[in-house]
Amino acid sequence: MTHEARYRVHYEDTDMAGVVYYANYLKFIERGRSEALREAGVDQRAMRDEGIVFVVKSLKADYLAPGRYDDILSVRTDLIEMKGASATLAQSVNCDDVKLFEAEVRIACMSTAGKPMRLPKIAAKALTSL
Amino acid sequence: MTHEARYRVHYEDTDMAGVVYYANYLKFIERGRSEALREAGVDQRAMRDEGIVFVVKSLKADYLAPGRYDDILSVRTDLIEMKGASATLAQSVNCDDVKLFEAEVRIACMSTAGKPMRLPKIAAKALTSL
Amino acid sequence: MTHEARYRVHYEDTDMAGVVYYANYLKFIERGRSEALREAGVDQRAMRDEGIVFVVKSLKADYLAPGRYDDILSVRTDLIEMKGASATLAQSVNCDDVKLFEAEVRIACMSTAGKPMRLPKIAAKALTSL
Amino acid sequence: MTHEARYRVHYEDTDMAGVVYYANYLKFIERGRSEALREAGVDQRAMRDEGIVFVVKSLKADYLAPGRYDDILSVRTDLIEMKGASATLAQSVNCDDVKLFEAEVRIACMSTAGKPMRLPKIAAKALTSL
């Protein structure tokens, strides 16, 4: 079930080319992932206080059209595949009917000391609900 | 010929997981690309004043190990393939002998009005020198 | 009339101290200012396309308590003083009933070539409505 | 004794006005402060692992001229005043002979749990050496 979240493009997101700076799309999709997890009951602040954090292991991204100041971006998040220790998500950023950006993102869990961890049950359940 | 540039990890680069925030690796490799182009004679500020900017069209990235505050990151940039209107680069981020991040990045040129452009001759030449 | 806007703290806003990175409060209050101006009819993208941008001339800020991941921040914006070429705003960032940050910000207009400009009428009117 | 550090303006630092985004000067001066402390023997990563971090308590800043892409910024840091639990620094950002930005910044120490702390001896000594 696709999760959708909407974010305004602010001055801070743009660069001197007059468009959204390319690294900032990763911020927008991270907000979307976190929002999806939050709505499914995952509390990343509590997780981190217990020493577990999500990490991105890999991603593939296509930049299709530039986002601009004042645009309202719609971030969509879907689960592609779930494994014991990682999950792969499809994410996209649209402005109205134009797709600006799409990405496939593999995430996993890590202890704050840097050790790979299995996904906590609640996180796995939340991801499966996407 | 591999281009190498070095950058310190600052507070601004970290997040509450205690490591470099995942989107910020795209900043580090962009610095490296721009530095490589600058050293090969490309003036991106003049290009932009003439209405031409580089854009990233796609990327694939693997996050191999976390970078931390105070680390000195070494960004390496190599040319993989050159076409008339785009170039594909291999980029990596190391801390000492540990590879933290590697990416394949396809870049192209665009007018500031959003129209695809051929790579300017000096940019093509600079990229070929990598 | 106080303008209020609300923003979630995301991973990108935090640093390895586990709190909102100090520079990022300036992003939150800029979003609030821009939102206030937008609602009062100012189109900063059109302004910029005509070669006029807002700039911050000076600010005083107090950091009162740390913001944390997942917090909903409330940004308030009020006009303190209006002159022909600049305006001074009072801005604050609250989380629930706790004030985290407050600032006094003087803004002015500049041409994109760097020349000081009078505030456009619509901008002056919008600021006066705050 | 004035500490000086130099940083290039990258694409990530600019916004659609074609200049350095106003919040990013706080990043540049934070790099300068941290570099000054590092050279005087303060290890902020070790401090944070022991649960102590620097925080900014207040600042006053003037934006005098815009920084632009490719500029080399020189960040200067001086001690103005030292107290038991806080220190006030004068910081400026120059590009060649033009002063772009100057600020007075009061910093203190906090436990990662949010409790005010005295400055560790080595930090106090490092600050006094500025």
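By written order: A, B, C and D. Residues from 1 in each chain.
Basically, a contact is a pair of C-beta atoms (placed from the backbone, for glycine too) under 8 Å apart; a residue touches a chain by one contact, two chains touch by 3 or more.
For clarity, every value in this text was computed on a predicted model and none was experimentally measured.
Most remote chain with respect to subunit C, judged by CA-atom centres, is B.
The interface holding more C-beta pairs in contact, when A-D is weighed against A-B, is A-B.
Inter-chain centre distance (subunit A to subunit D, centres taken as mean C-alpha positions): 31 Å.
Averaged C-alpha coordinates put the centre of subunit A at 22 Å from the centre of subunit B.
Residues of subunit D found to touch two or more other chains are 11-12, 16-18, 23, 27, 30, 48, 69. Residue ranges on subunit B touching subunit C, taken from their complex, read 11-12, 14-19, 21, 23, 69. Residues 8, 10-12, 18, 27, 30-31, 34-35, 38, 43-45, 48, 68-70 of subunit B are the ones that touch subunit D when the two sit in their complex.
In the complex of the two chains, the subunit C residues touching subunit D come out as 16-18, 22-24, 26-27, 30, 48, 53, 55-63, 65-66, 110, 112, 114.
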